[in-house]
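Read the structure below first, then the notes.
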Amino acid sequence: MTVTYSRRVADAGLGTFSHLLLRWRGSIYKLLYRELIIFTILYFGFSVLYRFLLDEGQRRLFEKLAIYCDKYANLIPLSFVLGFYVTLVVSRWWGQFESVPWPDRLGALVGGHVRGADESARLVRRTLMRYANLSGVLIYRSVSTAVYKRFPTMDHLVQAGLMTAEELRQLEDLPSPHNKFWVPCMWFVNLTMRARAEGRINNDVALTALLNELNTLRSQCMKLYSYDWISLPLVYTQVVTVAVYSFFLACLIGRQFLDPSQDYPGHDLDFYLPVFTLLQFFFYVGWLKVSLLSVDEMYDGVPLMERDKYW
Amino acid sequence: MTVTYSRRVADAGLGTFSHLLLRWRGSIYKLLYRELIIFTILYFGFSVLYRFLLDEGQRRLFEKLAIYCDKYANLIPLSFVLGFYVTLVVSRWWGQFESVPWPDRLGALVGGHVRGADESARLVRRTLMRYANLSGVLIYRSVSTAVYKRFPTMDHLVQAGLMTAEELRQLEDLPSPHNKFWVPCMWFVNLTMRARAEGRINNDVALTALLNELNTLRSQCMKLYSYDWISLPLVYTQVVTVAVYSFFLACLIGRQFLDPSQDYPGHDLDFYLPVFTLLQFFFYVGWLKVSLLSVDEMYDGVPLMERDKYW
Amino acid sequence: MTVTYSRRVADAGLGTFSHLLLRWRGSIYKLLYRELIIFTILYFGFSVLYRFLLDEGQRRLFEKLAIYCDKYANLIPLSFVLGFYVTLVVSRWWGQFESVPWPDRLGALVGGHVRGADESARLVRRTLMRYANLSGVLIYRSVSTAVYKRFPTMDHLVQAGLMTAEELRQLEDLPSPHNKFWVPCMWFVNLTMRARAEGRINNDVALTALLNELNTLRSQCMKLYSYDWISLPLVYTQVVTVAVYSFFLACLIGRQFLDPSQDYPGHDLDFYLPVFTLLQFFFYVGWLKVSLLSVDEMYDGVPLMERDKYW
Amino acid sequence: MTVTYSRRVADAGLGTFSHLLLRWRGSIYKLLYRELIIFTILYFGFSVLYRFLLDEGQRRLFEKLAIYCDKYANLIPLSFVLGFYVTLVVSRWWGQFESVPWPDRLGALVGGHVRGADESARLVRRTLMRYANLSGVLIYRSVSTAVYKRFPTMDHLVQAGLMTAEELRQLEDLPSPHNKFWVPCMWFVNLTMRARAEGRINNDVALTALLNELNTLRSQCMKLYSYDWISLPLVYTQVVTVAVYSFFLACLIGRQFLDPSQDYPGHDLDFYLPVFTLLQFFFYVGWLKVSLLSVDEMYDGVPLMERDKYW
Amino acid sequence: MTVTYSRRVADAGLGTFSHLLLRWRGSIYKLLYRELIIFTILYFGFSVLYRFLLDEGQRRLFEKLAIYCDKYANLIPLSFVLGFYVTLVVSRWWGQFESVPWPDRLGALVGGHVRGADESARLVRRTLMRYANLSGVLIYRSVSTAVYKRFPTMDHLVQAGLMTAEELRQLEDLPSPHNKFWVPCMWFVNLTMRARAEGRINNDVALTALLNELNTLRSQCMKLYSYDWISLPLVYTQVVTVAVYSFFLACLIGRQFLDPSQDYPGHDLDFYLPVFTLLQFFFYVGWLKVSLLSVDEMYDGVPLMERDKYW
């Protein structure tokens, strides 16, 4: 979904969009084609019903019903409800991205402050960063399907080298119904204190800077977790979905082309294909579905961990 | 209310919503069914009045009244007033959540900087964190019904082990009409200073980091308290409520199906059930009620404290 | 105005609002009743004029004028102008509240870092906090009527024990046309430096933390002062006020019930009381007045200082 | 423009606005009266043309044109374009104000940390603050006409005592096409280092706090400069200006009072003075001009420097 | 695009805009003239078809089609979709600008804390700043076409003196598919640690301040990179583009001047040139294109590096 396409937009030349508009991957067409097909089939179902199956009296009634639906469908405050919802969702989506706990700030400090070129110092540095990454991955597993698929069980974390078997045992021994991402953070704190005691970190300012940076990382984890934990109130999602779907249900009848010979105002022309209604469907349902998917956006935003290159 | 349902939205598949739309717990249907029933009953009351009880002349008058109501109800700036109010309320709701004073950042620092493996050092660490938690709970009690129910009196805090009887006595001896959440903070400061004097905290940088983190927690408490203390001006709530209710009062008459034989424009069809008006009621009143409930949202957002597991 | 009513909203039960809607204190009714009475009197004045005083020809002219006013009043972009203005004002109102310089963060640091149990150390601590409070009060006096009434002259500050006579003399000797809230801040800095020199503050980290926190307080003071100093451009207030008042002036004529026997479209019914116009007046003028009052909101947001309890 | 009037709004009494609405200084009337006169003259020009100069056939054509203009002028998305632009501009205006580099935080630290009562220590303190102020003034000169008028050349800065002739020479010797506000900042850094070496600043924590605060000031300068440097894309300004002006060009013809005897719908009355169109002009053009002036708002927000009082 | 024009707006005098409106560079005319020409040609193509090529029956059909298009084109929620999109894009644009990693804060600290007047100390200072700049340039190359053109290969960075051949070799030896902007940051950390060990940085507070500032720079780099990496979901761009283009396709037919003799309502006049439709095209397409270009805005926001002056 988060396909980078900005460079293509950048030119904004006359012919550029042809490519952009026709992209399939991560596009609105891919997202909507099933709904659009269903809507079209239903529309033509009603159309056939009206044109061929109903008798004269029923057709007059259907026409009145269509005009009624067309008029009152506008009572549904679609733009209002949808605009509010989409704005909310997009701001959450970006808020979520900004909460991703990048470990590199912490990495720079660990690299700088934990001194010593011997094997043991190196191990301390690696282990500290491993703990930081482990915290992040524990959070990612609970908010992202992609990461969850990569590490379906905690054992996969051990296999990937993100934690040792002993650490896993300790983690599982701790009774807690909540996400335990904070446990590796505590390990980090303890290891840092030991490194300070052993003189690998040789001053208290550095120690405090390290702990402070760790706490920043921890807050990011918490924030990311919160976005997943505290969803938008379900009612908003229900209101917006019911609004969109009931509007287009009303359109199925209300936007039928009525017999031009009956002289209903605005029904002079029989097109068979309701181009503008389909466009409207395309805009509103597309808008809604993107919002619902935005919750899911994060799932591709975090690259899969691979062992081979740097491990 | 804050039922996690994001994983279900995530797929956004074609059939996913059937489940989501039909959920009862925390849903808009549960929220609205009573109002909807009352509105429907009143609507049919007027309908019966118009159809069976009025005489010919009164019916003509009723019809004029209905058309008048239908036309002028649109003067009520519903979307405008409601949109403004809801945006405000939702941003406050999230702001409130972001002000929850999580004690874990402070916990990491206390765990790291207050050194010593003896019983007494352990007691200092526990007591420090107990003070931090106590501050939070004192705030939660005043903003959240759920927490208040768990700790209806200060004695319950003592029983739950969050404070000692002696501490409670000191707290109650202090004459102050305001929330005393800051008293445990001061105890925290004093205990930290003593730990520094005794060498349990062995440097001033760590001390300052601890006090700084405590102040952050205290600011969060204050902020959470402020959201409860400084409500949205009452007038906004009154304006929005009067707007919504007066709109639907007008609809009760204005949206009646009038006798098609009288040839009023837009009244060719007698449906008995005003589907679109009910939808509108559903959207607008639902929107309003969620906002009013959002103030209450926090009440479930803080898990109940239980003694058994970690105490 | 900032009457806490959130607990009442929280239930959001069916019958809850009856109480909320009927509150008088801090309510929209109290705010608007005079305007509403004036508007109604004027409306009926025009009504009497039209119905009884004008002759036949003049009535026809009045009717044309009414229809003209009714139609063109909608050209006034009321929601647009009002929505923009209200959003701006409300965000400033909350921004102002968030700028209130709470002295408690500083208090925790002063209590912690300035050591010593002797009378003189206690005096240093009290004096430091007195300076911090004095800075705040000097700002409050210039932005809040309530505080200004409590301390109409600088001598009242001396009487209330917030400053000494000697301090007042020094403050007044300093020639400056601007608010001198920063002078007690400088006193705070100087006293802190002396406390450091005398060893009451026994390390530089603590000293820097204290000065940093003082600067935070000072920035809050400045920010609060700025909101008062840099008002919203006067033009916005003028535009919005002219828009609202000219709209309702036009409504006085445009919304008159015209003689139904003249068959003007939409004028089939003579109600005497223009319910919906009054509602509209209620919503728009209410909205505007709340915004104008919001500037004043802060005035009750800061509790009055009282000497008796803690002094 | 930034005339303080909030205290007057605060009462929000019934009669308060009469004063506020009639203010001239910084008001919308002062801003608009020329445009309003021109618009009125042009309007009456067309009016005279239509009423007296055209023959019968031309008048019929003019009437059709007027109706066409009136109808299609609404295609211009005035509120949409203007609302977006004004919101953007106002948020930039406040952002700019919040970027003003107040030197007082730095002042408190310099006053506290640079110790010594001798002439030379005093000189160091004054010089440090002079450098901070100089940086600010160099920025103000490039963003504010008022400051630029006060200091049209760099020599005026020397005369005002903000920099020495020697410093000016050094500044001008430095080849750079960009604003050199950062040079006094570097001088500040160097002088601080020297003060540390000489022991006037007696610890490294204080030194770091000073440099940190200087960097904050510098970032504020940069931010203020950026708002001036990176304008809103010109296209937005062009779109909004063309939209407003083309709308009112169309109104010049479209809002003419047409001959009532021709029975055009909505043209029953001949008023000569198009009250509501003038109001609309007042609102929209006023709105636009305030936005354009907002860029200029800062120019009075910075008080002129005067030598006499504190120098 | 980011042409500074604020000083010209500032006066907001009556005649000022003539210049501003007529500017070509960075203007909306330059941006749109090709689209406008194409739209006009197509419009007149349909016009010629309707007026001269169709027979009587086809013209009646075309007229019905035009009325149909005109009516239903309004179903496309143009303002809604466009307003949402543009707001989003503009806030990202400014967010991007605020993420530009200015190296001057770091420069002040390096200049202050890395002491020594000898050649080698000077080299350390220069190298540190070179690393900071190198990090920035590596990011700029990946987000800005202008910088990329200046440094098409990494060798150009070596030639420009931003990195040595040896550094380039090390950078390229590091296997990573991602942007390596963080590598010079690590070099910076390592060199700082060495400078501390050698006593050039003579205390730990300064060291921590330096590393902290470096991390701030690094976060800015990351943020800038993120804006490029995580584009707005492609679907939004597609929806908004399809909405705008389909609207104007419908206008090509729907806004044709129909034969006045046919008495279609609102078609009394034949103008040939659809002024208001062209204005609408101008506003909406202009709005859209600016948004698409905004992504590109940054490209001129970073001045080209030149060797000659300070190197």
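Observations on the structure shown:
The first chain written gets the first letter, and so on, giving A, B, C, D and E; residue counts start at 1 in each chain.
We take it that contacts are C-beta pairs under 8 Å (C-beta built on N, C-alpha and C of every residue); 3 or more make two chains touch, one makes a residue touch a chain.
Since we're looking at a predicted model, the values are computed, not measured.
Rounded to the nearest 5, the angle that brings the Cα atoms of chain B onto chain E is 145°.
Centre-to-centre, using mean CA coordinates, chain B is 40 Å away from chain D. Here the spacing of chain C and chain D, counted between their Cα centres, is 25 Å.
Each of residues 205, 293 in chain D touches at least two other chains. Judged by the touch criterion defined above, the protein chains form a single closed ring in which each chain touches exactly two others. Order of chains round the closed ring, starting at chain C and going on to chain D, comes out as C, D, E, A, B.
Against chain A, in their complex, chain E makes its touches with residues 34-35, 38, 64-65, 67-68, 71-73, 75-77, 80-81, 84, 88, 145, 175-176, 182, 185-186, 189-190, 192-193, 204-205, 207-208, 211-212, 214-215, 218-219, 222, 226, 228-231, 233-239, 241-243, 246, 250, 289, 292-293, 295-296, 299. Contact residues of chain D toward chain C in the complex are 1-6, 9-12, 14, 17, 20-21, 23, 26-29, 31, 79, 83, 86-87, 90, 97, 102, 104-105, 108-109, 111-113, 115, 203, 205-206, 209, 213, 266, 268-269, 271, 275-277, 279-280, 282-284, 286-287, 290, 293-294, 297, 301, 309-310.
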